[in-house]
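Each in structure tokens, the structures are laid out below.
Both complexes shown next keep chain A, but they swap its partner, so chain B is in the first and chain C is in the second.
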Partner chain A sequence: MTRQEILNELKGVFAPYTTNKEALNNLNDQTDLIADLKINSANLVDIIIDAEAKYNIEIDYDSADKMLNVGSCIDVISEKLNQK
Partner chain B sequence: MAKRVVITGLGVVSPNGIGIPAFLNAIQNGVSGIQFIPLYEELNMSCQVSGQPDFVWDSLQNYISEVSFHGLKGTNIAYGITAALDAWADAGLDRETAEPHWDTGCVFGNSAPDSEATKNVIQKVDAKEAKKLGSRVVEQTMNSGVTSYISGRLGLGNKVVTNSSACATGTQAILMGYEYIKHGFAGRMLVGSSEYIDPYIFGTFDAMRVLSRKFNDQPEKASRPMSATAGGFVPGSGAAAMVLEDLDVALARGARIYAEVLGGSSNSGGQRGGGTMTAPNPAGVMRCVDEALKASGVDPQQIDLISGHLTATMADRLEVQNWSQVLGCSGKNFPLINSVKSMIGHCLSAAGSIESVACILQIVHGFVHPNINLEDPNPEILNIIDQDCLPMKMIKKEVNIVAKANFGFGDVNSCLIFSKFNK
Partner chain C sequence: MNSAGNDIVALAAIDVARTRQPQFYSRIITPAEQELYSLNFKDQLAFEHFVWLAWSVKESAYKFLKRFEPQLVFSPTRMVTSGLHFTGEYFEGTIRSGDRLLYSQSLISKEYIFSMVNREKDFSDVCFEIGQVDSIEPEDQSIAVRELLVRKLSQIYPESLQIVKNSNGWPVILDNGEELPIPVSFTHHGHFVAYTYHLSLTSWKAYPHHAEVL
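After this line comes the complex of A and B, so read on.
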């Protein structure tokens, strides 16, 4: 999967947790989940669980801690997909 | 100086009507909200009927944010949010606020957190999948879930309390809100209670053999308070809420005033003198009513209507006996008495708030709602009070003072006195 494909799919993963639709539509590597998408920090857990289910991967605690902006989310997901 | 406390907003999610206009129409016309529940037959319950609001889950999207809606599963929370936000809007208050309302608090009760939500937790933990529970389960399995959603949505910044006292919860919530305002701690309180009877809660009552089981094929006839053929109560689900305000606060903003809370009392019979975990000590019940009347400055003869607890068990006769004794009247001198439960069943924690909303509507619209399924009044009750005290059809009349009481497991009692608002 290309990074762009993952980015497009992440829009669907983030959608239920953000009310900032404009930032969601303009998603890029630098988009910050909390600062830009206004996602409640407690919901980052739900995003990780949803991503695990979507890609059938397991995201360990250390990797999850890195998933703060879209670029790092894609990094972690690509890495886990490559390990499969 | 003690403040006067008035009711300025109402909201309800009842098995026989959601929203005030639908509920008013239902109680005026004796509309039953009791249905046959196929699942309860499948689960081998003895009672297979229940009062369930005709609630459309997606309607919640008009009340809370998309993000909050996503992941919400607790039905009792959904009922509570709906009733509370409807009452808030009915009082002419705006949902949106940047600053917390420091002068407004919330007392909202329930008996158990949503056990469907709890079941999800138990299943995942037992399957060694606790990691997959996500972030939204604590708020839905904690007892204060309903209160937290309501106060968060509206930005309530005064005392926010979840109360629980079994079937006395709803009346007690209103009383607690009343007391905060009366003593000057808050200018406004959003009060009420909610209850969702899922199969697990239902099953625990079914096991006690206290539920109606002879009318499974005639659900609308199953809830029969004060009837000779009353054979147990019918569990019901729902919620109701009221906005209570310091009279001065309400007048200053030009609010519409429905009625006044004159006073109330909440106590326990101490599980002594005939009182047990499940039965009330008559001395406690009578003391509670007496204290409520004294606190309100109301004489027993002034009561136009008693909205009883009256669940359709053997306790109905004892309840009427207690009212008669504490009010010092019987036969034709006894006030009119009715039970909303004949139409909606026993909504446990939500009973007191839904039934209190019914009291206010009877004061505002000048009527006494019928007791349905009372073609055969219990002769032992007719030995105490006259049959004319038990309306079977709606009576149009001026209603100035209503006494509302609920009694719960643990031998707890709550009584409120409502009055037409007089400047």
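After this line comes the complex of A and C, so read on.
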């Protein structure tokens, strides 16, 4: 999968947890989950678990800690997909 | 420099079934904390409430410590609570992150879990207020919680106060453009918002009439 494909799919992963549709429609690597998408930190674990289910991957705790912006989410998902 | 850290979890907004899944809660609480629940809290607290209690303490500690360690990453299972007990009013305990130890104080109501942390065991200089808002839009909640704090502090500071984010990204209170030595933390979740501020010795000396208001 390309980074762009993952980015497009991530919109669906983030959608249930953000009301900021404008930021969601304009996702880029720098988009911060909390500062830009206004996702409540209490939903960060939901996003990790939803991403694990969507891509059938396991995201270890160290990798999960890095998933704070879209670019790092794509990095982690790509890495785990490549390890499959 | 002092700091502040708090967190609120609206119980209507949590996913109970998901919280009870090991895949979920094991990212928040450690095996030792799971054991602590089984031994001490099983008859007192629903498991999902214990998980979110631990979360709110850890998130509060993260917010408090981030001001000293800008590179700090929030990693709930690397932060460990201990000595958690119920005083009859609050859940109190300690929270350790690396070599830093903080004290925690939490309130659990039917609607929310609210936590805050402090360097000292004594929370008498730590002030907080919890409010309810109709809107769940983060922007509206941010405005609402700041208004709540300004209303409270206007009893102490007659001048108009401003709350802004400083260059490091945390909120500071300005009195006529000058930063007050009062660290503050804001939190929101679901329909609840809360602020916490700490009165340091400096602020007590500068504003002794705090005592009249608190």
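The definition used in the following text is that the second predicted complex is superposed on the first by the 84 of 84 C-alpha atoms of A that agree within 3 Å, B and C clash if a C-alpha of one lies under 4 Å from a C-alpha of the other, contacts with A are read in each partner's own complex, and residues count from 1 in each chain.
Operating definition for what follows: a residue touches a chain if its C-beta (ideal position, glycine included) is under 8 Å from a C-beta of that chain, and two chains touch if they have at least 3 such contacts.
Only a predicted model underlies this, so the values are computations on that prediction, with no experimental measurement involved.
S.K.: Is A:Tyr17 in contact with chain B, with chain C, with both, or with neither (first, second, both, neither)?
M.R.: After superposing on A, A:Tyr17 lies in contact with chain B but is clear of chain C.
S.K.: Classify the contacts of A:Thr31 with the two partner chains as first (chain B alone), second (chain C alone), both, or neither.
M.R.: neither
S.K.: In the overlay, answer first, second, both or neither for which of chain B and chain C A:Asn69 touches.
M.R.: After superposing on A, A:Asn69 lies clear of both chain B and chain C.
S.K.: Who touches more of chain A, chain B or chain C?
M.R.: Of chain B and chain C, more residues of chain A lie in contact with C.
S.K.: Tell me which partner A:Ala42 touches in the superposition: chain B (first), chain C (second), both or neither.
M.R.: So A:Ala42 meets both chain B and chain C here.
S.K.: Intersection of chain A residues contacting chain B with those contacting chain C?
M.R.: Shared contact residues on chain A: 19, 40, 42, 45-46, 49.
S.K.: Within the complex, which stretch of chain C touches chain A?
M.R.: 9, 13-15, 18, 23-24, 27-28, 52, 55, 59, 73-75, 77, 136-139, 188-189
S.K.: Can you name the residues of chain A that touch chain C in the complex?
M.R.: Per the stated touch rule, the residues are 19-20, 38, 40-42, 45-46, 48-49, 52, 61, 64-66.
S.K.: Applying the document's contact rule, which stretches of chain B touch chain A when the two form their complex?
M.R.: Answer in residue numbers: 65-67, 70-71, 131-132, 134-136.
S.K.: For chain A, which residues count as touching chain B in their complex?
M.R.: 16-19, 40, 42-43, 45-46, 49
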